[in-house]
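Take a look at the structure set out below.
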Amino acid sequence: MVQLLFFYFALVVIGLGLRIVTCKNPVHSVLLMLLLFFHMAGLYLLLNAEFLAAVQVIVYAGAILVLYLFVLFLVNLREEIKMSPFVQKGKWAGLVAALALLITFLRGVFNFTLGPHGQYTIEKVQQITHTKAMGEAIYTTYILPFEIAGLILLVAVIGGLALAKKEDKGA
Amino acid sequence: MELLWILIKIIIVFTVVMIHVMYATYFERKVIGHMQVRMGPMRVGWHGVLQPIADGIKAFFKEDIIPTAADKKVFYAAPLICLISALSAVAVIPFFETFAIANINIGLLYIFAMSSLASYGVVLAGWSSNSKYSFLGGLRSSAQVISYEIAMGLSLVGVMMLAGSLNLSDIVHAQMQSSYKIYLIPQIIGFFVFVVAMFAETNRTPFDLPEAESELVAGYCTEYSGMRFALFFMAEYIGMIVMSCLAVICFLGGWSGPFEVPGIPFFWFILKAYFFIFLYYWVRATLPRYRYDQLMALGWKVLIPLALFNILLTGTIKSLIG
Amino acid sequence: MVHLSWYLTVSAMLFCIGVFGFLTRRNIIMMLLSIELMLNSVNLNLAAMSHYMEDIRGQVLVFFIIAVAAAEAAIGLGIVVTLFRNYRSVYTEDITILKG
Amino acid sequence: MPENKTDLKETTREEMAYEPYTIAMGPQHPATHGVLKLDLELDGETILDCKPTVGFLHRGVEKLAENMSYAQTLPLTDRLDYIASMANNVAYSIAVEKLLGIEVPLRAKYIRTIVMEMARLTGHLLWLATHALDIGAMTVFLYCFRERENLLDMFEEICGARLTTSYTCIGGVRQDVTGHFLESLYSFTEDFPSKIAEYETLIDKNRIWLKRTQGVGVVSAEDAVSLGLTGPTLRGSGVEYDVRKHMPYDAYPYVDFEVPVGSKGDVYDRYRCRMEEMHQSNSIIRQCIEALPKGPIRAPDAPDLVMPYARQKRVVADATFASGVIKLMEDTEHFIEGDVYVSAEVPKGELGFYFVSDGRGVPYRMHIRSPSYIHIGALPFLCKGQMVADVIAIIGSVDVVLGECDR
Amino acid sequence: MKIKYDTKKRLVEQIFLLEILKGLKLTLKRLFSKPVTVQYPKEKKPLFPGFRGRHALIRDPKTKAAKCVACMRCATVCPSRCIRIRFSKDDETGARKLESYEIDALRCIFCGYCEEVCPVNAVVLTEEYEYSDYTRDPFHFDMERLLKNWDDFLEKKKMEPEKYLNPYLRPRGLPVGELPVGKRVEVPEEWTMEGQVIWKDGKAVSAKEADC
Amino acid sequence: MESLEIAKKIQEKYPDEVVSISETRGQVSVILTKDRIVEILRWLHDDPTFQFNHLADLCGVDYLGKKEVRFEVVYNLYSIPLRHSIRIRAQVPEDDCSIESVTGIWMGANWHERECYDLFGIEFMNHPDLRRILLPEGWEGHPLRKDYPLDGGGKNWSGYDEVVEKAKKLSQYDFYGIYQDPTKKTGLEDAREQD
């Protein structure tokens, strides 16, 4: 059952990924991306990471992707559909590079050995709920990275504002 | 066996929700009608009680017009996204003690996730219709939903802090054990922010800018007709019901009440939810509509600071008392 | 039982798809979207590892990556909007200001 | 979607040139109050430019009038501002009376003032209704219609039609008022201030209403006069110009009323002006009813309805069917050569009629100075720099009727 | 008169949304008040006499034919030129005989001039307003149709033709002497110039009563 | 100030421009030649003794066969602060059918002049946007001229013909599939093919 689900999610994720990068219409790409994020969330659920699944949907699907849609609507899109979506020369080179990278990765994957086990066993996570487990880790061990992440977000907000702000005519 | 039970629950909830959606439209027209010293629907059946059925049949058999310049795939998908995301949020709502389709640990987050998805349907509907009015409506809606989602999420953080859980049933239980029995009293600021954000999330008056009929004709659903339009309509009403239920669960103590009503465990829940749905109609009959920039200003400059203040207050009090 | 390497394979393939997209698409927005794809594959990788190692650290990292991805999207798209405002284009071949 | 081959061709950069986002608001749009078309040029939601297009309802009333007798044109004035047709009737009649030099009996003057103010109430009620609906306050719409219906019923009682009244005639009114009419109107005026209070409860101090109206569509007093704005739209900017006070006609010299003026000239001021005007109209109606004198309702020298087209002998009593009194006379005192411009204060503003007569019973040229036409012409000035939602509020606040605009 | 208004809110009003609550109170109150609307096809508002509706030619009770004498005044005065009359002339007496009388109701603007100028009360606008149809033909009223309209109207009103007084057949408030003979029908006193109403002590009374 | 007094003053200052002064029922018109019309009107607008700040009305009149100069443009002026009025009538001959625009003095003259141009064909020079306004673009003739045929000259407006043509074309399609004629295409299919 779990295997079946995994294969379903995995295949759909790969298929959607391929379709996203080859899709002509960026809006369709974004839509497929949305679907992909759902399947990613499904994979997270298989990994017992329900909090991550929820965050994936809320943050990625609910916020980041909408931002993409927004920007896509801002730029002139109807014309884009009529053109080739790829750069004129580098299409095949890109494919070769990606394939080479894939082969390297796969070699690594099959030679991979797992490190020492930690303290959060599946039973424990299920018992205290994943949210709580994450929370405990974030707010104790990883409090500094958490603060830094917050700072990065703040910087991003300010930076985004500064970038997108229109110049005043007077200034 | 368990799967079968879940299936039965799904069917029951789906039917009940759909009937509620049908009659929510009817009661909206009746309530607003009487508030405006008129009668509302009167023709089909006694005082128009069969009106929703007639409307449904009409919408079903109406010609489905698709603009030639529309992006057809997206045009088809948009109302479905709206409806499905709204419907799936119903799944985690505990209507009474032991009854929820899925009693999951991250119920609250799940509802947020689903309600944030609804904006996709609206944005894509606006874009794919290839109509300028639809497009503006779609853009407005997405900006609005995203902004108010933050306010709504923050307003519920206080509840999460008090209850210590994201599970909706647990939140109700925690409320029953708290000193005031409901979180309305300790979380009055949060409740206020939540109610305002609730109106904005469901695109209802005074925040109905995406479909502001006097400005954008019908906003994102200008080009939709027949069944597809009805799907948007249904999604909107399901969204209203879900938000009302969420308000009941998080602030008004869910299914608990001053006394037990034997045989009807969901009596109090339904009663409180109906109050919120009535509030939707009541406000619609009373208030004018905000302007787009004012709406955003309200969300970012008033509601979010208020919600943050609420979190601070709750945290302080909680750490002081216990 | 789902083996760890299956997750890793999926993640690797997704990453390579992202690389391919990043290298070949003309549209800067699509390039950014490819980066999101790559980040997602990394997330999957981390979450899977963390799960199989019975540790929570990887998933905490995923959480941070999502936060950073949000920041990246905000900044990246802000740059795209500014570019579009100045050049009326979002295509890599049009934006050659560094080439002179 | 099958993709067409021709679509695949490479598009050059030039073809993708930037064009501003334009929206055609109208001619079929819920908030343009008729067949007005506004081409809006947008930057986001901010209006860069606004180009009104009118003429969809052009019926050539001016040309028609050149080929009809003065009396025959009167029903056409119903169709100008069809929301307050009584006011148009009165305005047309006083203009023709000025041209023909006819003095109207006092009772007719009072009756005309009553119906004119009733028309102002119907006009302002409909304006408030639609203005509030545009801004989203749906309930005010129906409350306003509740009162407007009462007024229309009274119109029906005195002239047999609710909208296309044609009540006045040249030299007076077509028939007398009844006691029932006076009583129902008087009791209406007693209730009406409480009804206004009811509308104000819903919107007047409402924060959303204030946000939507204050500081929106501001026009300074100088600009407003230069733009030719009249009526409450002008008075909202603080210019005290009211034809009823400046060039009094009918019974307005005999009644006591005030002209409310605003100060800032924004949508809210115009709204307040009209609300105050409703109170004033209400009081004028009461004064007129109380002071209604007895007497004839038509001037004795008023021209017959079947008026000759050329300067001819005027027939006072029909030669064939009257009791034998036959009065024929050469009509030179009425039909003179010359031109007059007479205006009246209708709900929308100053409705003027310019007549050129060549001495026949038919106007040589009639020009209608319709307030809505000028107000729509001022829309680009008002809308620039505002937002899409404000355009709706501004159109509502200048109060236009396209039947009057296009004539 | 400068309008004075105060839209600044005190802090209490600002926080507790007092003005919004007042509005909500009003709508809630209206929820329980009686609707003012009329359920149209089921109930109908009574019309005031003199409503300008469907056209009719009055059938003379004696001759059973139209009263029209073909004087052409209505056709002359009609602003939309929707009346067409044809008549023949008796060579000996010079009397006109009506051949046909047609009204194009789709052109008509219902100003009521025709009935006002008619010297013999022949043409009238009745209080009938529900006569819509799917085609144009039924709106081209010929003489038979117009006479039938009158019969229908009488049947609906259940009234003797003599008793029915359309105010436009005899405009209120005009001196009898100025009217043609055919219009000098008997009317309630309030409708005559002598009995015209004025306002006195909060009531509409006839001028005659007010004098004494 | 009395209208007649104002007219006299205009005549004093511009004796060559004033053709005549006429009075009807107490309303005074000053008939001018068109050459210095903007100058005179600006003087009337700006001068503190006149202050004609309200352009009540602007329209054209066609005196075909009645007067020597065929057209007149009529300005009805009113002073809101001083409460007096005057009517200025500028003569526009047929062979030189143009006059200076007054939009620089009163912004509201814009649409008045467009209407006058539309219905009389009088050109207003220096007008910011002189287009037809009440009639559609491409209308032939100027309807308020006295020589404009009342029946339209037996010719339809080209836009009307277009609409009729389109309706005829659409009527050959079987939109709703009610005729069940397999040889007939539906309008939608045809439209798609054309795209």
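Just so it is clear, A, B, C, D, E and F label the chains in written order, and each chain counts residues from 1 on its own.
Everything below uses one rule, namely that contacts are C-beta pairs under 8 Å (C-beta built on N, C-alpha and C of every residue); 3 or more make two chains touch, one makes a residue touch a chain.
This is a predicted model, so every value here is computed, not measured.
Peer 1: Give me the chains shared as neighbours by chain B and chain F.
Peer 2: D
Peer 1: Identify the chain whose mean C-alpha position lies nearest to the mean of all protein C-alpha atoms shown.
Peer 2: Per-chain C-alpha centroids ranked by distance to the global centroid put D first.
Peer 1: Count the C-beta contact pairs for A-B and for D-F, then tell me which is higher.
Peer 2: D-F
Peer 1: Whole-Å distance, chain B centre to chain D centre, using C-alpha means?
Peer 2: 44
Peer 1: Please compute the C-alpha centroid of chain C, do the same for chain F, then give the distance between them in whole Å.
Peer 2: 63
Peer 1: Using CA atom averages as chain centres, what separation in Å is found between chain A and chain C?
Peer 2: 6
Peer 1: Any idea how many Å lie between the Cα centroids of chain D and chain E?
Peer 2: 23
Peer 1: Which chain E residues reach two or more other chains?
Peer 2: In chain E, the residues touching two or more other chains are 20, 23, 26-27, 30, 36.
Peer 1: Name the residues of chain A that each touch 2 or more other chains.
Peer 2: Only 55, 63, 70, 76, 83-84 qualify.
Peer 1: Going through chain B residue by residue, note those that touch at least 2 other chains and give them in order.
Peer 2: 35-38, 71, 73, 285-287
Peer 1: Okay, in this complex, where on chain F does chain D touch?
Peer 2: 22-25, 27, 29, 53-57, 59, 61-62, 66, 74, 76, 78, 80, 83, 87, 106-112, 115, 119, 132-136, 143-144, 150, 195
Peer 1: How about chain A: which of its residues touch chain B in the complex?
Peer 2: It is residues 25, 27-28, 31, 34, 50-51, 54-55, 57-58, 61-63, 66, 69-70, 73, 129-131 of chain A that touch chain B.
Peer 1: Which residues, counting only chain D, touch chain F once they are in their complex?
Peer 2: Of all residues in chain D, those touching chain F are 4, 54-55, 58, 60, 62-63, 67, 98-99, 101, 223, 225-229, 239-241, 246, 336-341, 343, 350, 352, 354, 356, 358, 364-365, 367, 369, 373-374, 376-378, 381, 406-407.
Peer 1: If you look only at chain B, which of its residues touch chain D in the complex?
Peer 2: Per the stated touch rule, the residues are 32, 35-38, 71-73, 132-133, 136, 205-206, 208-209, 212-217, 284-294.
Peer 1: Would you mind writing out the residues of chain E in touch with chain B in their complex?
Peer 2: Result: residues 20, 23-24, 26-28, 30-37, 39 of chain E touch chain B.
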